[in-house]
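One chain, chain A, links the two complexes that follow: it is found with chain B in the first and with chain C in the second.
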Partner chain A sequence: MDAILLQILNGLDKGGAYALIALGLTLVFGTLGVVNFAHGALFMLGAFCSVTFQKLLTISKQVKDTSITFFDAYKEMPYLEIWFGDYGKTIIDWSVPLSILFAIPVMLLIGLAMERGLIRHFYKRTHAEQILVTFGLAIVLQEIIKLSFGANPIPTPAPEIFSGTAPIGALFGLGESVVYPWWRLIYLGFAFSVIGSVFAFLNLTTFGMVVRAGMMDRETVGLLGINVERRFTIVFGLAAVVTGLAGVMYSPILPPDYHMGMDFLVLSFVVVVVGGMGSLGGAVAAGFLLGILQSFASMNEIKSIIPGIDQIIIYLVAVFIILVRPRGLFGREGVMED
Partner chain B sequence: MSDKKNSNGWSRRDIMKAAGAFTAAGAMPMFFSRGAWADKTFVNNPGNSKTVKLGFNVPQTGAYADEGADELRAYKLAVKHLNGEGDGGMMQTMKPMHLKGNGILGKKVEYVTGDTQTKSDAARASARRMIEKDGVLMFSGGSSSGVAIAQQSLAQDMGVIFMCGLTHSNDTTGKDKRRYGFRHFFNAKMSGLALGPVLKKEMGTDRRAYHLTADYTWGWTQEESIKETTEGLGWKTVKTVRTPLGAGDFSQYITPVLNSGADVLILNHYGKDMINSLTQAVQFGLRDKIVNGKQFEIIVPLYSRLMAQGAGKNIKGILGTTNWNWALKNEGSKAFVKSFGNEYGFPPSQAAHTCYVQTLLYANACEMAGTFYPPEVIKQLEGFKFDGMGNGPTEYRAADHQCFKDVLVMRGNEHPTSQFDLLEIVQVVPRSQVEYPASIFGGELGPYKV
Partner chain C sequence: MTIPSFKKDMFVMLIFSAVILTMPMWLKPLGAGYPDLLQKFAIFGIFAVGYNILFGLTGYLSFGHAAFLGVGSYTAVWSFKLLTMNVLPAILFSVVLSGIVAAIIGFISLRRSGIYFSILTLAFAQMFYNMAYSVLTPVTNGETGLQLARTDPRIIDNMLSEAGAGLPSPGLFGIQMSGYSGFYFCAVLLIIAFFISQRIFHSPFGMKLQAIKSNQTRMKYTGYNTRPYLLTAFVISGMYAGLAGALMATTDPLAGAERMQWTASGEVVLMTILGGVGTLIGPLLGVGIIKYFENIFSALNEQALLAAYSFMPDWLAKMMVTITSPFVGEGWHLTLGALFVIIVVFLPGGIMEGLGKIKNLFRKRPPDPVEKTLVEGQIQEEKA
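This part shows the complex of A and B:
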């Protein structure tokens, strides 16, 4: 029972990341019809917003390091600590949650620049061309990050107060030995709240209503005198923010490196295909579903029956779905079925 | 028998004698200058050129790019020192030393670089280009065992010596060893032998270990060696789980550990995998757990300072081994750290150290051989005993081309005094404790002449 609870939680927090990335991907595909292979790079850029913000907060004064005597070495004392003492330390400690405030405008700008500067020129091109250009863009972005931050992962710890584990076993009557990392639980809560906010925005605002209408029938909305294109550009920015925030909050779980976007990109596409191309609800549901499936497939008991199943489970599911229901679990009839 | 003479007064016997004398006289200088006649027949013979070229094939892109960058710094420093520039570094401490600071055999050293991308095929293509297009006499680099094995196999095929950079798999100098490949770095077997007594002292003999292992040659051999050591101590192996290279999120592999009954987690991971798996294992509270009445422990058998930087504070208190550390106080280490630190502003990594040493060792062997002819250089390296290179008295074992020297058992520093002071030396394990018979891993070195 302990193991099942832990795998469910593990699947949910993993699924939270998949769902957030897939949500952004679906927003872009649903509105603009673009297959954006640079979407994983947005996740990576979000994580590096957290790294950048941490670096900004720890801008330091170089002080001679007297512990090294063989050559002239210097150690760094953050100005925030010099100026504000313990308050400065606390601000640095909370750099990841605070970097959300930094990441929202940055990711919005990146999203808008990406859409206006490059992607809009490919709206009328084939999906193959879109894939090529966005994949190229992803490589360029990751090389820029590698040049700026190096190839090694950069630790971005969660605030000290969340570094421990929560005794979740006690909640389910399983004893206090069943624990789960606080930050992963926070991530899960964060994923639910962002997903909820996006759905609320699309369902409860006029802007959202126009976007949804545009997703259903772009031409008719345009005939009504509404500038759909501008709204879709904003949606692209919104998708970049959602994906970027997923990256920011994931940075304490997976120390960011330039390649992390690619690792999530393929999985996210599988999630979108399983959920149904263009279906927001499908992307979220498939994200969590595949996260949980992958987590259970990693259990030693399962792997002892089917070795290596953890590596292929989500692809098996994708193949099965494509064969029996090409439009995905929640996809609209006619989309991706021909 | 009559000795008939022809019209010129030469008999058949005279002609035979003259031919024999001429041949002997002509060959005589070659007997006195070793390898001289072979010089004409080997790949990339520099002949009368005033320069020689070496190839440094390191990961400049990919997961180990930072390690590759540090290796490249070390190679450049070594070339500088070989050419008599800078402060000389370990050329001041190496014994026996035949290098004169005038290049190698009086020829100035130049170099070309390549990018292995930490991929075997890319590494081989890059090495082949260095040999065929750039004309390198020796090539070197790291940081993956799969890549090292692929390159040393190419070295054997092409008759050009490969001095391995960072490679820790037993296979490199075990079943996949080659006559043209040499490894200064230690291996998984030596890590196990070094760790054993420390683990016994710190954790006792009644432990239950769970392995997470990178699914490729290095991970397999490390798991095997560490398992052999821990089971020898009386520990039980609860489970060994293979994880895909570059898994990223290891949480799905860590959660089963929580309920497995294991009280030790051994991470046979390196580079990014190690950073991620260790970070996540600590986040899951493994280090705070009490299992079987004992404090749960995590072991990382192969450490590096660059990895420790990536793992941040999660490294604190974790045991592992390294080939070398910049904090060593012997004369060779001090000379190298000073030289490297003055050049680049920070201390070298163990990857940088091994690459620097390998370059000097190759150059020194050429000086000893008096030729660049690979079979002669190989013979000088085989069984070569040296000191003053940072690891105490060291020997390049002839039987498998593995260097034997002291190994360091390290612990993540609980109270670092600087940004580089991430690992503390727990014990310098003497060479005698990490030696093993060459025959246990099998393999064939192959011929000298190819």
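This part shows the complex of A and C:
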């Protein structure tokens, strides 16, 4: 029982990341009809927003180290610490959560620039061409990051108070062995709140209503005198922000490096396909579902029956779904059935 | 569309063979006349020509061809280890096995088209890649990569002669597969591969594949079951990839899983697009350009750039170095990615389309009105 609960929890945080990325991807596909292979790169850029912010906060100068009295010793000290003392230290410690504030405008700008600059010209072209051009764009973005930050993963630690594990088992009376890292718990909560706000935005505001109507029937909405294209541009920016935030918060779990986007891209496509192309709820559900499935498959009991299943389970599920039910688990009837 | 006469095809083949076989000579002044690079040209040429049979003719965008390349490599190295260092059986086994794997993957993936096909092949390629690192480590030797060892059984070789002292290297009846002999071996195979691809392009089978690309539904209504044709094209291009993988293992007997990663499939897509999808010679042009510039660009550094700009005033040269240095050396992939985006945006038909446009500029007579309306009609149909 404990083991099962632990696996579900383990799957949830990975599932949270999958769900967030897939949500952005399917939002773009559902509205613009564009298959965006640069979406993984957006996730990576988000993670590097947190790296950049951390670097900005820790800009430092050399000061004299007063604790050493035998000779003149110097140490690096961040300006924030010099100016604000202990408060500065706390700010630096909290750099990852704070970089959300930094990442939102940056990712929005990147998203808008990408859509206006490149993607917009590919609405009418085939899916294959969209895949190719966004794949090229992903390579460019990835190489720019590699040039400016180097090829090695950069550690971005979470705030110190979240470094331990949460005694979940003790809280629910399930045994002391069920513990869970605090940061992953926070990631899960964060994922839920972002997903919740995206859905609220789409379902409760007028803007969201127009977007949903545009997803259903773009032409009619356009005929009613609404500039659908502009709204869709904003939706692309929104998708970039959602994906970027997923990357920001994931950076303490996986130190960002330049090719993390490509690693997540294939997975997120698989998630979108399983959930159903263009279905938002499907993407979220499939994200969590596949995350949990993957963590169950990596249990030793299951690995001893079918060796190596943990590496391929997600792809097997995807192949099965595409063959048996191509519109995905929650896809609308008639959308992308072939 | 008309099929060129057999005589014309043979003429093209003759010129093609001559160009390929004299590559060491005419590439020398360009600084690319050494065997390692020439082998790469030939091997990736085979890979791209094969990929073009699927993507160029049928329009099915596969992201899984690196898996067949990997299967070919591993099979070849195992053949070296277990049977003989002769390359012929290794190539034979590789082509057959990758053909079988392609048949299985193709049979499943071709049930869907468009983006679903791409994702299915991507999923299979990732499965192979992940398994090469986990379950299949006894076969693939995991991250170290599969290598030859002195203690390998090599049954046939050891029956015929005593094992030598050093580590044997792959050969063709005593001809070593390194240096120029290796290149000529690959070049001959490339010419054969190109010949087969030309025959396919100009056969009724190739025409059917092109018909599938332009309108599959209409093709089905005329009574053709398209799937067997697609599967045949898929298997053939998988076998080409297997052959390329085997040749990689032949010229350098080491097989690693990294050549099965899906971005490696992306590379062959890139080459094909750059040269010109669906044209016979285009993919080879793409391979030549990418591999040549990869070689030149990755070797450049700031000193070399500074020397290149030495004719300019000092400040201008320094500025140019700062601007261009991110694009060379380590940053070669950045150039490649940017070039790729530009090509897809402005020249979807690749270099071949660009050449055609230039040719049209110099053409004296205005385009034939009937042909013109036909072409415009086709463009509109594609847009719809």
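The rule is simple: the second predicted complex is superposed on the first by the 323 of 338 C-alpha atoms of A that agree within 3 Å, B and C clash if a C-alpha of one lies under 4 Å from a C-alpha of the other, contacts with A are read in each partner's own complex, and residues count from 1 in each chain.
The definition used in the following text is that a contact is a pair of C-beta atoms (placed from the backbone, for glycine too) under 8 Å apart; a residue touches a chain by one contact, two chains touch by 3 or more.
What you see is a predicted model; the values in this text were computed from it and never measured.
In the superposed model, A:311 lies in contact with both chain B and chain C. In the superposition on chain A, A:25 makes contact with neither chain B nor chain C. When the two complexes are overlaid on their common chain A, residue A:129 makes contact with chain C while staying clear of chain B. Of the two partner chains, chain C is the only one touched by A:270; chain B is not. Using the contact criterion defined above for the overlaid structures, shared-chain residue A:183 touches chain B, although it does not reach chain C. Residue contacts after overlaying the shared chain place A:248 against neither chain B nor chain C.
Touch criterion met: A:299 reaches chain B, while chain C stays clear of it. Applying the stated contact rule after C-alpha superposition, one finds that A:152 touches chain B and leaves chain C untouched.
Looking at chain A, you'll find residues 146, 310-311 touch chain B in one structure and chain C in the other.
If you check the complex, the residues on chain B that touch chain A are 61-66, 239, 241, 244, 246, 248-249, 251-253, 255-256, 258-260, 272, 275-276, 279-280, 283-285, 288-289, 306, 309-314, 334, 337-338, 341-342, 345-347, 417-421. Chain C meets chain A in the complex at residues 59, 61, 108, 111-116, 118-120, 122-124, 126-127, 130-131, 133-136, 262-263, 266, 269-270, 273, 326, 330-331, 333-334, 336-338, 340-341, 344-345, 348, 383. Listed in rising order, the residues of chain A touching chain B in the complex are 2-3, 6-7, 10, 13-14, 65, 67-68, 70-76, 146, 150-155, 157, 163-165, 177-181, 183-184, 252-255, 257, 259-260, 263-264, 294-295, 298-300, 303, 310-311. Across the complex, chain A meets chain C through its residues 35, 118, 121, 124-125, 127-129, 131-133, 135-140, 142-144, 146-147, 262, 266, 269-270, 273, 277, 307-308, 310-312, 315-316, 318-319, 322-323, 326, 336, 338.
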